[in-house]
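Next up is a structure, given as structure tokens.
Labels A, B, C, D, E, F, G and H are assigned to the chains in the order they are written; within every chain, residues are numbered from 1.
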Amino acid sequence: MRDILDAVASGDLSPAEAEARLAGYATTEAGRFDAARERRRGIPEAVLADGKTPAEVASMATAALETTGRALVTRADDAHVDAVTGALPAGATVDHDERARTLVVHAADFDPPSIDARVAVVTAGTSDAAVAGEAAALAQAVGATVERVDDVGVAHLGRVVDHLDTLRAADVAVVAAGREGALPTVVAGLIDTPVVAVPVSTGYGYGGEGESALLSMLQSCTVLSVVNVDAGFTAGAQAGLIARAVADARSE
Amino acid sequence: MRDILDAVASGDLSPAEAEARLAGYATTEAGRFDAARERRRGIPEAVLADGKTPAEVASMATAALETTGRALVTRADDAHVDAVTGALPAGATVDHDERARTLVVHAADFDPPSIDARVAVVTAGTSDAAVAGEAAALAQAVGATVERVDDVGVAHLGRVVDHLDTLRAADVAVVAAGREGALPTVVAGLIDTPVVAVPVSTGYGYGGEGESALLSMLQSCTVLSVVNVDAGFTAGAQAGLIARAVADARSE
Amino acid sequence: MRDILDAVASGDLSPAEAEARLAGYATTEAGRFDAARERRRGIPEAVLADGKTPAEVASMATAALETTGRALVTRADDAHVDAVTGALPAGATVDHDERARTLVVHAADFDPPSIDARVAVVTAGTSDAAVAGEAAALAQAVGATVERVDDVGVAHLGRVVDHLDTLRAADVAVVAAGREGALPTVVAGLIDTPVVAVPVSTGYGYGGEGESALLSMLQSCTVLSVVNVDAGFTAGAQAGLIARAVADARSE
Amino acid sequence: MRDILDAVASGDLSPAEAEARLAGYATTEAGRFDAARERRRGIPEAVLADGKTPAEVASMATAALETTGRALVTRADDAHVDAVTGALPAGATVDHDERARTLVVHAADFDPPSIDARVAVVTAGTSDAAVAGEAAALAQAVGATVERVDDVGVAHLGRVVDHLDTLRAADVAVVAAGREGALPTVVAGLIDTPVVAVPVSTGYGYGGEGESALLSMLQSCTVLSVVNVDAGFTAGAQAGLIARAVADARSE
Amino acid sequence: MRDILDAVASGDLSPAEAEARLAGYATTEAGRFDAARERRRGIPEAVLADGKTPAEVASMATAALETTGRALVTRADDAHVDAVTGALPAGATVDHDERARTLVVHAADFDPPSIDARVAVVTAGTSDAAVAGEAAALAQAVGATVERVDDVGVAHLGRVVDHLDTLRAADVAVVAAGREGALPTVVAGLIDTPVVAVPVSTGYGYGGEGESALLSMLQSCTVLSVVNVDAGFTAGAQAGLIARAVADARSE
Amino acid sequence: MRDILDAVASGDLSPAEAEARLAGYATTEAGRFDAARERRRGIPEAVLADGKTPAEVASMATAALETTGRALVTRADDAHVDAVTGALPAGATVDHDERARTLVVHAADFDPPSIDARVAVVTAGTSDAAVAGEAAALAQAVGATVERVDDVGVAHLGRVVDHLDTLRAADVAVVAAGREGALPTVVAGLIDTPVVAVPVSTGYGYGGEGESALLSMLQSCTVLSVVNVDAGFTAGAQAGLIARAVADARSE
Amino acid sequence: MRDILDAVASGDLSPAEAEARLAGYATTEAGRFDAARERRRGIPEAVLADGKTPAEVASMATAALETTGRALVTRADDAHVDAVTGALPAGATVDHDERARTLVVHAADFDPPSIDARVAVVTAGTSDAAVAGEAAALAQAVGATVERVDDVGVAHLGRVVDHLDTLRAADVAVVAAGREGALPTVVAGLIDTPVVAVPVSTGYGYGGEGESALLSMLQSCTVLSVVNVDAGFTAGAQAGLIARAVADARSE
Amino acid sequence: MRDILDAVASGDLSPAEAEARLAGYATTEAGRFDAARERRRGIPEAVLADGKTPAEVASMATAALETTGRALVTRADDAHVDAVTGALPAGATVDHDERARTLVVHAADFDPPSIDARVAVVTAGTSDAAVAGEAAALAQAVGATVERVDDVGVAHLGRVVDHLDTLRAADVAVVAAGREGALPTVVAGLIDTPVVAVPVSTGYGYGGEGESALLSMLQSCTVLSVVNVDAGFTAGAQAGLIARAVADARSE
């Protein structure tokens, strides 16, 4: 602790980062940012923009940037994007994925991690793109190489078969699907890569808020594990943890 | 009505059948048998053995035989089978499908219908056999030719593809599946035959009483229609109605 | 494939249609349009306007028109209608059903299919009209003759009895009902035509989002099959598949 | 209170009845019998046999007989019937309805009430008979004349129409139905008598424990009120309260 | 029928009323108004304003007025009220209950029914007022005398006890309650008048959309019958049917 | 730790109790007994007999007795009682409450706690007695004085009012009710003592497994807190914690 | 009563307060304010602003102030705050907690209660702050000392352990948590203070409206009691009742 | 295929194994055994004994043994164990885990796989042992080293902290918990190993069939993925797939 305080005294460390290192979080007007999560689990904490004002998101993203060197914002609308972009320190770079609604910000001196592992992110249709994009952003933030396989829904079986080589080359696959949620079962029946299934709330009528897809995945006659409805963040982070375990083994 | 009463007087018609023709049902100790259903809809009424005593089932099956020339018993256990078999009039024939738990009885002079139409009955796995067998029995009772395609679950996609010719040659298909219930969606994506999907209560844990399969079929991203969980009778009867509509058109 | 490419080279085929024939879908800004569905199943793919911007709908409808000769847009509001109408190529014709919220567009040289089969579309009340209209549009797109029987809810039994001739003359009937959803059961008890029941989300209070109607139809004491709540598209398409099976038989 | 105690002292009143009059209940080994209910609401309290031992039921029925002059036992099996019958005081009469599983016991000097009102009790099918029988027993216990209309399910509409005169002549109707529960809606659409609907747990698969019938009745597009699944007791008692209100008015 | 047509020819009957008498409904732009309901069941049909435009409501109310002499509009907001008021024919009178959101319109020559029966309408709290007001309006439309007992929730038991005389003097009581829905059970335990319970969607958190109140009423340890959540119309109409049965008996 | 081991060496402490003190649990064939719970929270751990064999229960009860000086067994049937009784060491005393299905065993030298606080345990009816008895046993085990108020269900309001003095004299009240679960709300509206409500699974039909009572208590319009369905143990333990907090304050 | 009326006559008591004392509530345009609640249970009644207009809230708050000397407004937005503030009589003081959305108003001569007891209010994260703030306001209104322990969610176990001394010093703890709702279980496992758990609706996807947190708390393997989702008011009031029971004992 | 047939002809291959290799399954009286699963996914297919007769299980286990060299039987009772043991060929070895109810059979010449990876299997309490045992059996069958960490439920936080080294040394952890299901969240917050959570149906009352634990795990505020309730097989197989991916990387 003395080292940290010395560094603050000497100006080598900002008070915000010092607080983050000592207390495990950075305090902002909009709440606390869990800066210690990345150190505890190796997964960057994200700022969930949905339900927060643009100013709150910008404030938490800035705290993240100061304390961990980067910020990952999910479910951001245009106003959130503008607020974050407008609040960046000099030299920071921004990557905005409109469909995934994610915003990845790196401080000028941030050195992004890179690990020797591949994550496949698979969608059944266009409406799964946002959730899959969030998963992809997380896997990339962990440092994995991400391969996208899109629009391979089970109504046209030939499409997923065309991509078997990509799926088999991955160390872990995230498969997103709404409606009846059959795609993860079909994919997991074709490969021996671990599959993390993520149900998407794109159904309609009875069971249409993703319950049908969730239940299908929990009941799958193949082997897979599941995250909550629309939980692209969790699916990507879980795939990232698996990818890193593989990469660590690969580099032993 | 006078004709019917004359026939009773002359002994050409049993009182039971006379009641059935006039009132639309036959009265037994165990309740009433809806003898008029077949005339109204062209689908034979079945005696649901589950929850009835062997004596009750035998009594209702006999009433069916007397009034319509045949009896169809569903969900029959061994005691039901023995009771019905023991109560048959001379010359009646019995067909017992142990797996489907159905019992088809024809009076000596019964002339079973035969129509020029094909019904495919498809199962994902062994545990769907009882429900599918019930559906097949109904379709056969309507007079259709039934083709079985078994054990083609989506965990091994190659199997269902091997049977595409049979499926495409059918006028209508019944597809039974439990667990995640994906098979009807996969089948309906491969053929342009109408598909009637029947969810089976063979799952486990959360959603395992068939809800998961039912929801999947209602949410299917292809086109199909659905009956209730384990409703093999209804699926087979609906397929029979469609098959007869096709056969009628074929014979115009 | 060479033929297709030659035709593109010679200008006989647009690149969009060539892509649709080869890949099975047309790519637009707003996502992919599944142009191959019609060839796989004989049912035209529809563009679901609800949840898309007018521009996205217009873009996907144009892709549909270019690759399949027609476009079917469902759940369209006025802005969607204006956008699609404004984007049409010369000679295309538009048919907008305000109550059903459907938009049917035909290219100048499109030759709509016509089959020798009748589909009855039945409603319990005014509030079922939108769902029934969607079903009717699908059945017409398949080429069937559609007969409407409206406002025959079970609170006034005499009304449905007045239409028995129309119902019996149909090869298949779609019956839409909300609230307690009893109409399909009553209709199916009166005729031997196959009935596809569609629950409508017009109830209120407990079970009012269509669950009550859906459960009633799944539990029906007559024979019928069911689609999801408000799934007019699916009901109409399933009726269309049955109608075509009948028409094919009729023309053998 | 002094009068009661004097009567006990003189032997004109048993201690059990004295307790019932003073405290509102009679204490037995098996729990307390709410002897005051009948005085509070005019509906006899019933002993629910299901879940109690034969000895407990006999003990509570005896307490009821001693304190109110009669006992009404519901959901009784053969052992319960034997135990109650064996424990009766001299002169008591027993009426056992096997299908309804009810047991009505009157003390030798009990003078059953009789009111000038009619209650119709209607069933869709054989499987509704137990619940309907329980309702009928309650209405009779209140003193009303009960008319039964059985097996008039909506799969055969003509049957219920045959009984319209009986239904219209009643002051109130109890209508019991399982599966899709459509009968109360159809009946209430045909008459202007108040209808109390009682859902029966005779469905199967999804929604088959009576939920489907309950929801249908709550969502009915006609006017009716509802009791819980299988609540024949409550339906009969509510009909009895309405019948007595009518009879009171008739005798004013 | 000839009489009706003659009356139209002579101008004694408007074509709208003639259609209503012959067909059972009046056709408007906004859908059909079920003019025959009142004749079938003695309960006026209401126009549910919620979800309709002001113009649609005004159009249906006018049709009701022309064909039945009155119009009852429920769940009306200010715009609905203005539209209906602005569209009235000369001499019509309007009664608008702001809290109940009902609008009762009588034609100049309409003679409202009056029956010799009392309906008590009881609320637990202020938030039940709208639903109770709708029930009161229906009971009044049937012609009954309505007594209101308000704000007698079970958190303060003394209040309901203060009104026992009023409750006991009624021929039937409607009791509305949200949250835990205990009031109908408490009221029904205190009187021998029939109670129709109506759950109100004024809870919060889990079970707060009225499910908790609905379940409580279905499970009540006293005798009562229930209508759907917020179904003030149905509760009032059912009470009206009971009140009329009593009044008819009273006037025999 | 050394002290404990010395005591074992000298024979002053059994190895079982030494393990319990050091590891926090005692190991038996039937699983581990959490001996540390009492020290952590001041609530004795109970052995849940339901689902265990008599031998397993006896083994765990013996472990409890050896390590904490007492054993509390819940949901015990006759075989469990016999097994525990047969396995007791010399001098141990047993208290078996048949209705509550609890078994309280004290070692010869056990000095039961006694605190200066009163817990009222209230039931709506006979069927709540088992759950209430379990709650009472826990409160007594903590050392509180327990007052029972039984059979005061809301169908007869006068009864609960008769016991207000007892309820007001308590420091905390546990109120158990099934069916519609209204009693805790009524009680909490009458007193300012904290109320812990426990729903009982004694309903029937829809919501009858205690959901209705649970929802009512969660939605109560008065102030109370709730435990899970049939959780007499938890209700009694929570009341015990509150009673001890009060007793501690009283003795300060 | 005469005293009250005399005081009104002499001007010592306002008519509003007189009504409140006599009738138990104060009548306003916006409904009735339950002024007697505080006297019955010792918990101040609150005005729930959500769903009311600013004018209605101001009117009810004024009634509260006049009759009880204070007003507690919950779930207030800015417009509610402005309306209440603008309507205050001279000398009244206002305390507005923006995050908790509460507004505490004291009349000039109001003497707030103070009791010798401590309530800990604990949150898992920032999104639990509003619910916890409401609970804290209630506990303070009862007069207890409130200690806040914030942001100690189970994803970082060390944080809650840092606050054990504060938690153990409290007489009762309110613990608020959303998502998986594990915090109350973890806290209750560490201390012997009674814990009132309040689930917060801050989850997402399946079970995200607080059901998951509610179920977890009901199923907790430790001892705690629960209030409904987001019921900060009830949790704080229940903690207040417990705190007062402790304080009363402390002052005996 | 010719090679296989030659081997059958020469007696080097049994017809059963030949069928399994060619068709992908082995046919038995009791249904088909999916012998190809292991080749497709590297996870051995298991025979689920629950719901099958001892003879059926023995027959399928024998088929498994003949075609894949081993058999894994889950949820086996004593009769199943006896039947399988009695039907074994010479030299086969059996490993029966009574608590996990698994039976692992190896043919005399079977060479079990062994991979360089560690799977931790963690339980909250004794009642999770069966599900965890099933998971452990699967992970071992894949060849991983399994470490058990038992009885570390969150009611005693210190226990899980004692095992952090074991948990951190694992490549993947399976964490089983019932009741409130908090353990996987707590574990996943402490380590950066991927966690597969498995809910166990050991709760009680509302949400007690594992729904509460399932929802908690889906809503976890840390990162983990989930399988269905009691799905020890799936959890162990998913952990096995992850372990093998790690082992493959380790051996590159």
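Rule of thumb we're sticking to: contacts are C-beta pairs under 8 Å (C-beta built on N, C-alpha and C of every residue); 3 or more make two chains touch, one makes a residue touch a chain.
Being a predicted model, the structure only gives us computed values, none of them experimental.
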Chains in contact with chain B and also with chain D, listed by label, are C
Averaged-CA centre spacing for the pair chain F and chain D, given as whole angstrom: 38
Averaged over CA atoms, how far is the centre of chain C from the centre of chain D? Could you give it in whole Å? 50
Between the Cα centroids of chain B and chain G the separation in whole angstrom comes to 61
Touching two or more other chains in chain F are residues 40, 125, 155-156, 189-190, 204-208, 211, 214, 218-219, 222, 228, 231
Dump the list of chain pairs that touch, please. A-B, A-C, A-G, A-H, B-C, B-D, B-H, C-D, C-E, D-E, D-F, E-F, E-G, F-G, F-H, G-H
Given the complex, residues on chain G that touch chain E span 24-25, 30-32, 34, 36-37, 40, 201, 210-211, 214, 228-231
Give the list of chain F residues in touch with chain E in this complex. 124-125, 153-157, 161, 179-182, 185-186, 189-190, 203-208, 211-213, 215-222
List of chain H residues in touch with chain A within their complex: 40-43, 117, 171-172, 188-194, 196, 214, 218-219, 222-228, 231, 234-235, 237-238, 241-242, 244-247, 249-250, 252
With touch defined as at the start, can you tell me which chain D residues reach chain B in the complex? 125-127, 151, 155-156, 158-159, 204-208
